[in-house]
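Next come the structures, one after another.
Okay, so chain A shows up in both of these, paired with chain B first and chain C after.
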Partner chain A sequence: MKKYLFICLSALLVAASARAAAPEEIMRSSQAAFLYQGKDFKARVVMRLTGKTGAERIRELTMLRKNSGAPGGDQKYFIYFYKPADVKDMTFMVYKYPKKDDDRWLFIPALNMVRRIAAQDKASSFVGSDFTYEDVSGRDIDDDAHVLVKEERLGSSDCYVVKSAPKEGGMDYAYKLSWIDKGNYLPLKEEYYDGRSGLYKVFSADEIKTISGIPTVTRRAMKNLSSGHKTEAEFTRVEYNTGIEDSLFSERFLKQPPKKRIE
Partner chain B sequence: MQRQTLVEFSVKHPRLVLVIAAALTAAALALFPGMKADTNPKNMLPPDSAVRVWNAEVDGTFGLYEDMLVVGVVNEAGVVNPGTLARIARITEAAARIKGVARSDVAGFTTITNVTASAGTLRVAPLMGRPPETPEELEAFRKDLFGNPLYAGRVISRDGKTTAIYIPLEKGANGKAVADELRGIVRAEGGPEEYYVAGDPVARDTFGSIMFKLMAKFSPIAGAIMFVAVLVMFRSLVLACSMMAVAMISVVWSMGLLIGLGYPVHIMSSMAPVFLMAIATDSIHIFNEFSFRRKEAPDRRTAIIETMHAVARPVKFTALATAAGFGVLVFMSIIPVKVFGVTIAFGTVALRLLSFSFIPAVLMLTRDKKAGPEADAPGRGPGAFLRSLSAIGALRPRATVAAVIVLMAVSAIGVTRIVVNNNMVEWFKKDSDVRRSDAAINSALGGTSLAYIVASSDKEEYMKTPEAMRYIEGLQRRLETLEAVGKTNSVVDYVKRINLVLHDNDPHFDAVPGSKEEIGQYLFLFGMSAKPSDLDNVIDPSFTKANVWVQLKTWDVRAMREVMKTTEVYMAANPGAIVLKPAGTAYFNLVWNDEVLWDMLKGFIIALVAVFVILTFNFRSIGWAALGYAPLLFTILLIYGAVGYAGKDFDMPISVLSCLSLGMAVDFSIHYIARFKERLASMEGGGDVVAALLWTAERPGRGIARNAILFGAAFSVMLFAPLTPYVTVGAFIVAMMTLSALFTMVLLPALIVLFGKRLVKGNIRLS
Partner chain C sequence: MKKAMLFAVMLALFVLQRGARAEDSPIHGFIQGNYSADTDARNPDNGRLKWSEERGQLRLDATREPYRLFIKTDVFYDNVAQAQDVELREGYVDLTGEKWDARAGRQIITWGVGDLIFINDVFPKDYEAFFSGRPMEYLKKGVDGVKAGLYPGGVSIEAVAIPFFEPNNLPDTRRFWLFDPMPNVQNRVKKEPASTPRNTELAIRAYGSAAGFDASLYAYKGWHRNPSMRPGGMGSPARITLVYPELRVYGGSLQKAALDGVMSLEAGYYDSRDGKAGQDPLVPNSQARFLAGYQRQLREDLTLGVQYYGERMMQYSAYESTAMPGFPKEPRYRQVASLRLTQLLMHQNLRLQWFSFYGITDRDYLLNPEARYNFTDNIWAAVGAMIFGGAKDTTQFGSLDRNDNAYMQVRYEF
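Moving on, here comes the complex of A and B:
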C-alpha cells in the first residue's frame, strides 16, 4: 500500500513538472527572449559569409526592429546596408506577420526606385546568408509540434532540449533540436536534421551580453554541414527602447533614411 | 640452349612440371579474392592530372558538381498540362531524395529560379511553386515559362513538348546507379509522357559496368570457341585441353600478379584475359609441327624434342615481339595503360615458358598415338590450298608486288581521310537506351554535354563592370553561332533579366546596365532572394571570376575543340582584362581523349621500332627484318585505309588497338621466314627457293592458317557485343589476323623471290 502511494505520488510529481516545462511554453518564452526583446531594437550587424573554399563575403547593415504588440505578434524591420560597397544606401523593409506572408520592400539606389518584393518561403535565405528569414524574425510556434526531449547541461548552462517538427511538409528539415537556457530562455544551440543525411545545419549562440538589462545574443553562427557554407553574425551598438517611430517604416524613409536611426 | 634443357627436363619429368604449374596457378588464384574493380573510364587520368585538378578547382570556386544527369520528359501534346506538371513536380522531388544526388541543386520547373514583376511587385521564386491546376493558373505558368529566355532550350523546348530536370551528383556517386533509380521513379509515374535519362555519368558508368560484364561473358565464350576449333583441327581432346590449360594458366598468373600487386582491375586490364587467350593460340605452331613429326620420328620423346627444336626460335621471337609490343606501353603516361601492357607482356612470357615446359610435358603424357590429322592426299585439302597461295607470290612475284603496291596507294588515300574524334555516347549502339535518350534530349533542348568557359581577371570586382558583362555576353553570342552549341548561360543573363523586370519589361532594358553600381545592386538583389547556388554557379564571391555554361548537343570531342578554338579567336580579337579558360566534363573528355590517343600513337611508334629491332635480332639481318616487316605494315595500312573510307572516326578504342596489334601481326612472318630459311639450309646441294617456299606454305603455313583462324574465331565473339568499341576490337583483330596471314602467305614469297638472292647466303636456285 505504501509502495502504491509512492508510485502515485511520483507520477503526480512528474506530471506537474512536465506541465511546468510544457515544450510549447518553453519555445514561446525563448522566442520572446531571443527575437522580441524590448519594444524596439537597433544594432549594427556584420555578417561574414564563408564558402567551402574559404572565400568570404561581407554584409554590413543596420537593423531596426519594432514590435507591434505582445511577443509572438507582428513586427516591422528596417535594414540599411553599408556593405558590400556597391549596395551602400540600399534599404530593405519587412512587415512581418506570423500568420501570413510578409510584406517586403527594397530601395534600389542606382535606380532611385522602391520595389515591393513578393514574399517567398520564410525558410529562404536572409540576404544570401545561411540564416533564413525565420532565423532572423522567428517562426510561428504553432507551426511545429514540440516535444521536450531531455534536460541537460550545455557549457555552463542548464538547458531544455526541445524537438520541434514542422507539422506540414515542404521544409528543408525534418526536425530541429533546440538547447534553451533555463535561466534566460535564449537558444544556445540548434541542430537541424533531415530524413536523408541526418544532422546538416547547426546554429550556435557564441556570445551573450546583457544590454540594458536584457540578455542579448551578440555573436551567432549558422553552419551548413552539407554545403560547407557558414555565416557568422556579430551585433554591435545594440540599443533597446530608443523610441523608433512607426513613420520610419515607410517608402519615404526607405529612400532617405534618417541618419541618426541608421548610424 | 637453356630452353632446350627446359624441354628435356619437362619431357623427363612431365608429372612434376604439371604439379608445379598447378601449384603456381593455385597460388595465383588465391590472390583473386583481393580483386578491386575500377569501372570508371575517367580514372584513365589520375585525380592529380592537370585537367582534373583544374576542373576540381573550378567546381570548388563556383560550387559546381563534377557530374550531372539529365532527365528528359516528353509529352507530344505539350508538357504544360496539370497531369504532366504534377508528375514533373513529383519526379523532381523524388530525384532529390536519391542517395548521391546533390539535392539542393536539382534544377527543374519546381526548383529553377524565376524573376518576374507584376503590378510593381518583384518576385524571385521557383518557376513552379505548386503544379498549376485551373486554366488561369496554367495560363500564368505558360506565360512565365515561355516569357523568360533563360528557360528556352534549358528547361523547355521551343515547341513546348520537352522539358528537362538536371540532376547534379555528389562526389563519388555512381551515375548508373542513380540513373537506374531515376528510371524506376519515372516508370512508377506512368502517364502519356516519355522519359529519357542521359548525361555523361550515365554513359560512363554504364559503359564501365557493361564492359566488366562483357569481359566476364566473352572470355569463356572465346575460350570455348578456341577449344572447339582446336578439337576440330587436331581431333585430339588432349591437345585442345592442354591449349586451353596453357591459356587459362597464363590468364590466372597475370591477373593474380596484377591483383597481388594491389592494382585495381580497370576497364583496360579487364580486356587482358581475352588478349592472353588469343595470344595463347601461338602454341598451335607447336601442335602443328608435332602432328607432322610424330609420324616421322621413331618415338614420342624424339618427336617432341625435334618439334621443339624446329619451332623454338620463331616461337621465342614471336613471343618476344608480342611482349615488346605490349611492353612498350610501360613508357606511356597513362597508368591503366601501363598496367595493361605489363600484364599482357608478363602473360606472354608466361605463355612461352609454358610452351617449353607444360606443353612438352602434356605431349609426353598423351597416350593417344594419333595426335594429329591424317596427312592430306597430294594436291588436295588445306595443304594444297596453302601451297597454291604461296605459289601465286613465288611464281608471279612482280605482279603480286605491283598489285600490293596499288592496294597500298589506295589505302594511303583512305588514311588521309581519317578523322580524329571521340564520342563516348556513340560507344553505345544506336538503339541502346543511352544513345536514344541522349539523341531525344539533344534534339529538343540545349544539350546534355556540359562545358564551362571560365572568365577571370586580376582586377577586384571586375566582373561587375559593364565592360566585363558585355565581354561575356559577346562570347556567349559568338559561341551560340556554333552548330553544336545549344545554349549558354551566365551571370549576364541574370543581370539582364533583372534589369528588364525592374523596368516593367520594357525591351529597351533587356541589356547590360550602364553602371557598376546598378549591376552590383541587381546581383545583390538577386542573391538576396534566389537560391545561393544560382549566383555561386556563375560568379565567384570576389567577383573576379565568372563562369559561362555551355551546353553542347553532342559528345563529339570535335565539338568541344571548336568551342575552344572559337573562344581563343574571340579572346584574340577582343583583348582586355579577361582571360578565358575551358573547363567541365566536355573539356575533360577532350583532354582525356587526346591524352590517351596521343599516348597510344606514341606507343605505336615505339612499338614499330621495337618490333623491327627484334626482327633484326631474330634474323640477324636488316634485310630479312624489312621483309618480315612488310606484311605487318601493309596490314595496318590497309586497315586504316578502310577506316578512312568507311568514315569511322579514329577514336580512343582504335588508337589503343593499333598499338596492341603490332606485336601480334608480325608473328606469322617470323614463323614463315624462320622455317623457310631452315628448310632452305637443310636442302641438299643448295636450296631451291620456290620449292622451300611451297614446303613452308604447306607445313608451317598450316600452323599460320590455324593460328589465324583460332585467333580470329576467339575475337569474332566481340562482333556481337552491345558496345561499339568491342565490335571495333573484334572486327579489327579478325581483319588483322586474316590480312597479315594473307600477306605472309602471298606477298612474302614474292618478296623473297625478288630480294632473296641478296639475302640468302650460299648457293640457291630459282626453279
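Moving on, here comes the complex of A and C:
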C-alpha cells in the first residue's frame, strides 16, 4: 500500500514538475490550439490597418489552411484577396515548413501569371499589416528558449506566462511574453520587448468563440507602440474540417480558385 | 456614336456598382490616366508625348459552376491620336470538370519563369506599351483561341490552339525613333498568316512539381511575332512586305528555392523553319536561348532579382556569308543581364522599384525606375522613367536612345 502510494505520489510529482518545467510543452500546446486546430480551416479575414493619424486601410481575404501531419508540422496555406481593389482576385499560396524557408507562390490575374516568391524572412510583415508571417502561420517552437515566468489571472482566465527568447539573433524582438490560457491554451496576450525601448508591440486576442467545438480567436489585434500603427483582424465564416483537397494547393487552382472554397 | 454609347454604359455601370456596394460584386474595374512625355528628343512627328490617355476598364466575372464568364473591356480616349476606342482585353467562357478544364475566347496566357525575358512565353506582347510607361499588364496581349487543361494528378497539361494570328505590337514610328535598315522604302504592306486550319498555332505545356522543383516542358508551332522585311522586287524594291515566318519552339524551365532565394532556369530552341539553313538573310536564323535567374529577399520588404540571358545563332557562318548590306550585323552569341530591386515602405503603400536591362554583347541598356504610392485603398499613382541608350544605334535598346520618357499613371480602382 505504502509502495503504491509512493509510486502515485512520485508520478504526480513528476507530472507536476514536468508541467512546470516544460514551458516548451505549454507553447507547443498553445501553437496546436491556436494555429493547427482541425485537419483544415477556412475563414474570411478582414484586417483593419490604422496609422497614427487614424488613416485606415482594409485587407480582406479568404484564408484556407491544411495540416500535413501533427501540430507543429508542415502546413499549406491558400489565400484569396478581395480587398483592396488593386489586389482583387490575387491568390497566394504558402507551403510552410517549420524547419526551413517556406515555398511561396503568387498569382497575378492581370498577367495570368504565377510567380514564385523569395521568402527567407518569416518575421516580415504580412500584406503590410502589423502581423508577420509567423503571427499568421506560427514559429518553430525550437527556435526560441522558453521559460515559465509566472502564472496569473488575465481577465477571467488563469494563464501561464511564458517568456520566449529567440536563440538566434536577427529578430526584431529580444523576447516575448505570452499569456496562455490554462484551459484552452490560446494565447490571450503577447508582449514583445526589444533591447532598447523595452515593450514595443502587443498582441491581444479580443474575442474567442467556440466553433465546431474548437475555441477559436475570432478577433485579434497587433499594436505597435513605437510607431502607433495597429492592425485588427476579424475572422468570420470560420469552418473546420470541410475536407479541403490537397489538389487545391496547386497552380491550377491558384489561377482558378473554386468559388465554394473562397466564398 | 457607338463609342459614346459605350462610355455612357460604362459610366452607368460604374454608378450602379457604387450604389449597390454588393459585398462580392461581380463587377470591378478602374478609371485611369496615363501620360508619358519625352525627356530627350521630340517624337519623329514632332510631338512631345509618347502616351496620353484616359481609360476606363470594366471586369465582369460571373460563375455558375461548371461555367464561368469573364469579360474585361477597356474604353479609352487617346489624346495624342485624338481618338477614342473600345478594346476587349479579355473575354472568355470557362468550363470546369474535376480533372480537366477548358477556356474559349480572348485570353492572356503567360508561360515561363523569366522576368520580362520571354523564351517559352510565345504569346503576343505589346512592346510599345512597355516602352511608353504604361502599366505592366498592358505588355501582354490576349490571344483568341481555346485552351484545355488536364489534371490527372502528378503531371498537368495545358494545350492551346490559336486560329487567329496576333503579332507583337511594336512602337509606332510616329512616336518612336527606331532603327530602319531600309528608310527609303516607305511603301510597306503587312502580311499576316491567314486564319486557316493549317496555320492554327498550337502550344502545349506539361508541368509538375517534385522535390521542391517546379518543372515545365513547352512546345509551340506557329509564327514569329516580330515581322521580317521582304523587299517586293529585285534590285530596287519599291515595296516591302512585312511577313511573319514560321517558327517552332521547344523548351523547358525549372524553378526551386535555393541559396536562400529562388533559382530559375529556362531554355528554348527557336526552330525558325524558313530560316533553317540560315541562308535567307531576311528570315531570323534558328536560335538556342537560355536564361538563369535568382531572386532573394535581402531584408524585410527589399527584394533583389538578377537574370542572365543568352541567345546563340545556330547557322552563323551561313548568316555571315549572306548578310545584307545596310542591315546591322548580329553577333553569334548575344548576352543580356537584368537587375530588379523592389523596396516596399510605409506598410507596403509605397513601392520603389528599379528595373534595368544591360546588353553585355550589344553594350546597350534600358533603365526603368518607378515609385508607386497607394493614396487610399482605391487610389494609387506611379511615376517613373524609361531610359534607353547604347554604343550603337542599331541594337535593341541602343536604337531606342532618343525615346527617353518620364511617365505617370493614376488609377482609381473599384
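As a working rule, the second predicted complex is superposed on the first by the 242 of 263 C-alpha atoms of A that agree within 3 Å, B and C clash if a C-alpha of one lies under 4 Å from a C-alpha of the other, contacts with A are read in each partner's own complex, and residues count from 1 in each chain.
Keep this in mind: contacts are C-beta pairs under 8 Å (C-beta built on N, C-alpha and C of every residue); 3 or more make two chains touch, one makes a residue touch a chain.
Treat the numbers as computed from the prediction; the structure is a model and nothing was measured.
Colleague: For the combined arrangement obtained by superposing on chain A, do chain B and chain C clash, or do they fit?
Modeller: Result for chain B and chain C: clash.
Colleague: Of the partners chain B and chain C, which touch A:90 in the superposed model: first, second, both, neither?
Modeller: first
Colleague: Should A:125 be classified as contacting the first partner (chain B), the second (chain C), both, or neither?
Modeller: Both partners, chain B and chain C.
Colleague: For A:209 in the superposed arrangement: first (chain B), second (chain C), both or neither?
Modeller: Neither partner.
Colleague: Regarding the shared-chain residue A:182, is it in contact with chain B (first), chain C (second), both, or neither?
Modeller: After superposition on chain A, A:182 lies in contact with neither partner.
Colleague: Is A:52 in contact with chain B, with chain C, with both, or with neither (first, second, both, neither)?
Modeller: The first partner, chain B, only.
Colleague: Does the superposition put A:237 against chain B (first), chain C (second), both, or neither?
Modeller: A:237: touches no partner chain.
Colleague: Output check: A:263 vs chain B and chain C. Expected answer is one of first, second, both, neither. What do you get?
Modeller: second
Colleague: In the overlaid three-chain picture, which partner chain does A:247 touch, first (chain B) or second (chain C), both, or neither?
Modeller: Only chain C; A:247 stays clear of chain B.
Colleague: Regarding the shared-chain residue A:106, is it in contact with chain B (first), chain C (second), both, or neither?
Modeller: After superposition on chain A, A:106 lies in contact with chain B alone.
Colleague: Applying the stated clash rule to the superposed structures, which of 315-323, 369-377 or 387-395 from chain C runs into chain B?
Modeller: 369-377
Colleague: Please write out, lowest number first, the residues of chain A touched by both chain B and chain C across the two complexes.
Modeller: 49, 51, 57, 84-86, 110-111, 113, 116-118, 120-121, 124-125, 127-128, 229
Colleague: In the complex formed with chain B, which residues of chain A make contact?
Modeller: That would be residues 49, 51-53, 55-57, 81, 84-87, 90, 92, 106, 108-111, 113, 115-118, 120-121, 124-125, 127-128, 195-196, 226-227, 229 of chain A.
Colleague: Quick one: in the complex, what on chain B touches chain A?
Modeller: Spelled out, the residues of chain B in touch with chain A are 60-61, 63, 97, 99, 103-104, 117, 120-125, 461, 464, 502, 513, 515-521, 524-525, 527-529, 531-532, 535-536, 540-542.
Colleague: Over in the complex, which chain A residues touch chain C? Could you list them?
Modeller: 49, 51, 57-58, 82-86, 88-89, 101, 103, 110-113, 116-121, 123-125, 127-129, 229, 247, 250-252, 256, 258-260, 263
Colleague: Please output the residues of chain C touching chain A within their complex, sorted ascending.
Modeller: On the chain C side, the touching residues are 24, 28, 30, 61, 63, 65, 68, 94, 96, 101, 107-110, 113, 136-137, 139-140, 149, 151, 153, 156, 207, 212, 214, 255, 257, 260-262, 264, 295-297, 299-301, 303, 344, 347-349, 374, 376-378, 380, 411, 413-414.
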